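First chain A sits with chain B, and in the next complex the same chain sits with chain C.
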Partner chain A sequence: MDSHNPAETTQDVTVETICQLERLAYLRLSDEDRGSFVNDLRKILGYARSLASLDLKDFAPQTHAIDQDNVMRGDVIEPSSSVEEALANAPVVAGSFLQVPRVLE
Partner chain B sequence: MSNSLAPALAYETIVGLEIHVQLATKSKLFCGCATRYGQPPNSQTCPICQGLPGTLPVINQHAIELAMDVGLALDMELVSGCRWDRKHYFYPDLPKGYQTSQYDLPITRHGRLEFRDPADSEKTCVVRINRAHLEEDAGKSLHGEGIDGGTWIDLNRTGTPLLEVVTEPDLRSAQEAKAFLIQLRTILLYLGVSDCNMQEGSMRVDANVNLRIKNETETIATPIVEIKNLNSFRNAERAIEYERERQLKHWRETGERMGQRPKQTRGWDADREVTTVQREKEEAADYRYFPCPDLPPVVLSQTSIDQRRAQLPRLPQQWKSEFTRTWKLSEYDASVIVEQGRDVAEYFETVAQISQDGKRSANWITQEILRLLNERQQSISDFPIAAAKLGELVSAVSNSELDHARAREIFALWLTEPISLREAKERLGIATVSGNEVEELVNRIVAENQAAIDDYRHGKKQALGPLIAQAKQLNSNVSPAKFREALLRAIDST
Partner chain C sequence: MAEKSNLTVAERISLFRSGRSSVVESTRETLRNITEKNPSLNAFIEVWSEEAIRNAELLDRKRTSGEPWGPLFGVPIAMKDNMCVAGRICSCASQMLANYRPTYGATVSERLVAADAILIGRTNMDEFAMGSGTEYSIFGKTRNPYGGIEVDTAPAGYSPGGSSGGSAVAVAAGMVPLALGSDTGGSIRQPAAFCGVFGLKPTYGRVSRFGLIAFGSSLDQIGPFANCPDDLELLFQVIAGHDRRDATSLSNTSLEHAKTKTPDKPLSEMRIGVIREHSAQELSPDVRTALEETERHLKSAGAMIVEVSLPKQEHAIATYYIIAACEAASNLSRYDGMHFGHRAQRREASESLESVIAASRGEGFGPEVKRRILLGTYALSHGYAEQYYQQATRMRQAIREDFAAAFAGVDLLLGPTTPAPAFAIGAHSQDPVAMYLTDQFTVSANLAGLPAMSIPIKLEPLNSADSTLPVAIQMHAPPCGESRLFAAARSLHSRNQMIETGAMT
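Right after this comes the complex of A and B.
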């Protein structure tokens, strides 16, 4: 298993953070955009951090926001989309396949 | 451990495995699309598994039950309130942009699995299981198929339930890894949670391998390499073996240690028999795991756990002890039969129950039937001789009604003719020889072979052999055991 470092979720946002996210999301941003994303993300995370000031000592840790569990279905096959429907939104198709630009492993 | 390259160097091979097992559900993990293999491309998808916005996944309860079965069989803790997490990465065959998986609250964790030590069959190895978590499969990419070498995507497999079993790095050789995998597959097959068909990708293995090298002053760990998508046990064994040698050589050349480079992912090239670099592993945080807000937790009540436990089928270990205890099989014979799967174990049990002769039943199965199944690429359920019939045949041999050679003739006939034992005997001219006929034969042979009888009386026990052969020549249906018995009675009484 990979290790998990909770501290990373509170690290400061820098241009390097944005570049790393760009790499992971296969995006390319301009320097100007990077700068504004740094500011926006800092504000958003700062706002989220205000949650830390809440007094939660009377609440048990929760894994989920909705007070529901075991919402499940039986193992029953239901009709799938037709191949035509499944491919309807694809910009490029090849026979019954979706086609994407060459992926290099 | 020794090595031809370096007889003086002490080192251990450290192996941990991650095994993806496709669960035997009819429908996908979060939608009602079928999980059938080999269907026309993109014919088994719906807005949920296509990852369209505004859809809501709903958990397939049977996938939860099958995961519980594996947890129970591997002595694992079942985690009530297990959580679903989104693991983000971008790849064309992952339409949602994340895989729904389980990160820090998997459905089961902390188990163990025992198996026979391949280096010493008297010993057992124990491997700790870190966890087994549920996740959905991705689609399939076919590279270089399109015009301009584009990639084709088939989303039929997207959303198929997988259980990822993760071991601790407790294995110490490629051979141990293979033995562990065989044992794990045997258990999964007995549980019926997966068909474990490796050709169809129902069971996929990744191996994490590194070395611990001891010199005079310290123990040095080499960087961990993950070998991906090993699609047969043989390939798993060979890839780990290759990696052991490669890492030893690399360490000698560079002295590189764990921590001096990121974890590397390599692929096994079965044709060239080498591992090749695929990528340097992204760190865990790069997957940006977070809890899936669409899926509520799964709470496992003690009642539901007890119910699953009560319904668990007999596991390989239980079959094995049953076979050694009730039918007096050797540990080895019992293992050979049990490792063939539940159908073969049940077949053996029926033959043994009918014939009341466990050892002979085992011999027929391990020496005749398994060889034939292998030659014919057949499973026991398609084998032309039913267990009850073989039981009758073995019983006839045990009761000396038939000798082994005649029994084999009947067995051979049964491979093509669906006839009864009585009919087979008639067809082959095998008649039951009456007691009187045996007596007559004994009298004749005693009269004609006085010299041999005297030899026997003077302690030359082997003198009886030719007499039995002679009796067999005179009447091919006579049972050698019955004739011998009658002959000894005659010798004693004169």
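Right after this comes the complex of A and C.
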């Protein structure tokens, strides 16, 4: 934790990187945002880069906090949300459907 | 009658039993208290006054009907604004969900209602629980009730911490005796420390996450805030337990040994490990003194203090921020402005679906949420996933093994909750890494799924003003070892009360 040095940044991240991430994440940013996120990501990744160089082959990747068994339940029909409830928070609805912008050209 | 805000939950309920107060009277007083204090602190986003009074009336009828009372009978509870209550807006303090009204309630909400508690309102937080200061909120910043305003060093007052800052402040300011928060990397414990209240992050899987709006699913856990360990445990017992609607909820068999309230051994027989890597960090003198005082007290209570090492702690923050950001980027992909949430206006009739989704997300999310989506997307993207995400998941395993080795020799671990007491509002807003580092002692419990508690130790006077800031310590227990944490907290709480009343110096 002492190793944090604000000057330590990574130059891998450019405005083009941010634009690519915007496309991957479906997230539109302003030009101003892009500039500040370049700096932020450089700082954060510069800090996190310490992990990349460590030899961690002996440790199996862990995606869970606690060891757990798979959970199964009977294949039984149970009540769930009604169509009205499922659509209650939709921005635009047409009848019992979500209405969205044109998908096919 | 004593001011109700200072009463314990048991004392409140005994007033209802003896007939010295009705639930309606008590609820009205709570609402008055909130109305008086909230404008300067901004702990609550919304107060559910009418429904609270209606429910209080129902409980008053129950008082005379002879029906059994729930364990939180008539007790007002504040909910962080990321837990669903059926029919109530749940916004995560985000423009994206500003008008989102869930049609179902979280398991914790249902359990509270079944326990006869009164849900009093929703509290402010960092947007989508991402932040350490309750400042990234569309509802403005929350202020710590401690510390006051200092013209030079804290012109806007002190931060309550975050992300569950609203809930911590609601309890610290005596608006409510109990509140719920969520903790993904310290979001209960850090604000509890900054605001001088008790805050518990339970073992991963002990409290259902059903109806908690997801941030980092393998890290998130709901937990209680209270002014004393008894109240904290009471609320914990009500919300904990298996829930078939949450696939990561621990099964009843794995909880069998953890159900009892009594710890498996008394404090006097416990071995408590002081985390060397945490003590070796740069700590403020107040925090260091609090740790020393805690050690002395635990020793005098008969516990054995030993030093333990968690060698991988220096990598905890980097590991956490990579994993949390990756899980957040994935979880938050559901906000498309089509099914629910904010949808941007189309710029022209022919604008594509993808373009409207991207615009909706750009408008709906605030800066910290965007930062983490970008970071997570980067760390999961082709060419970088091995270097960042994979390495972080391996380090997560290494950190878990460190804890397992430590708990082979000790019953509890002791260390700081934060490097220093509350910072001034806005102090870290220009440097995300500096902000992330305030979580350096709390994130490991989430990575390893362990229960951990922040325990207030004292109030430290500030140099330049006639005010104080709370100082806290943190204790970790092995999985499902919450009862040990409560035992230690009770002992430290009695000590603090004796010091306050002058019975001990």
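Throughout what follows, the second predicted complex is superposed on the first by the 70 of 105 C-alpha atoms of A that agree within 3 Å, B and C clash if a C-alpha of one lies under 4 Å from a C-alpha of the other, contacts with A are read in each partner's own complex, and residues count from 1 in each chain.
The criterion applied here is as follows: a residue touches a chain if its C-beta (ideal position, glycine included) is under 8 Å from a C-beta of that chain, and two chains touch if they have at least 3 such contacts.
Not measured: the values here are computed from a predicted model.
Novice: Of the two partners chain B and chain C, indicate the one touching more residues belonging to chain A.
Specialist: After superposition, C is the partner touching more of chain A.
Novice: Once the shared chain is lined up, is A:Asp75 touching chain B (first), chain C (second), both, or neither of them?
Specialist: first
Novice: Who does A:Ile44 touch here: chain B (first), chain C (second), both, or neither?
Specialist: Second partner only, chain C.
Novice: Have a look at where A:Val83 lands relative to chain B and chain C in the superposition and call it first, second, both or neither.
Specialist: A:Val83 contacts chain B only, not chain C.
Novice: For A:Thr17, select first, second, both or neither according to whether it touches chain B, chain C, the two together, or no partner.
Specialist: After superposition on chain A, A:Thr17 lies in contact with chain C alone.
Novice: Should A:Arg28 be classified as contacting the first partner (chain B), the second (chain C), both, or neither?
Specialist: A:Arg28 sits against chain C, while chain B stays out of touch.
Novice: Regarding the shared-chain residue A:Ser96, is it in contact with chain B (first), chain C (second), both, or neither?
Specialist: After superposing on A, A:Ser96 lies in contact with chain B but is clear of chain C.
Novice: Tell me the contact category for A:Phe59 with respect to chain B and chain C: first, second, both or neither.
Specialist: In the superposition, A:Phe59 touches chain C alone.
Novice: Please report the chain A residues shared by its interface with chain B and its interface with chain C.
Specialist: Touching chain B and chain C on chain A: residues 1-4, 24-26, 63-66, 68-69, 71, 73, 81, 86, 92, 98, 100-103.
Novice: Show which residues of chain A lie in contact with chain B when the two form their complex.
Specialist: 1-5, 8, 20, 24-26, 63-66, 68-83, 86-87, 92, 94-103, 105
Novice: Can you name the residues of chain B that touch chain A in the complex?
Specialist: Within the complex, chain B contacts chain A at residues 25-27, 31-34, 40-47, 50, 58-64, 81, 83, 88-92, 103-105, 130-131, 141-155, 166, 278, 282-289, 291, 293, 295-299.
Novice: In their shared complex, at which residues does chain A touch chain C?
Specialist: Going by the criterion above, the answer is residues 1-4, 6, 13, 17-18, 21-22, 24-30, 33, 37, 40-41, 43-45, 47-48, 50-52, 54, 56-57, 59-66, 68-69, 71, 73, 81, 85-86, 88-92, 98, 100-103.
Novice: Across the complex, what residues on chain C touch chain A?
Specialist: 99-104, 203-205, 218-219, 244, 247-248, 250-251, 281-282, 313-319, 321-322, 329, 333, 336-343, 346, 350-359, 361-362, 365, 367, 370-371, 373-375, 377-379, 381, 387-388, 390-398, 400-401, 431-434, 436-437, 440, 446-449, 479
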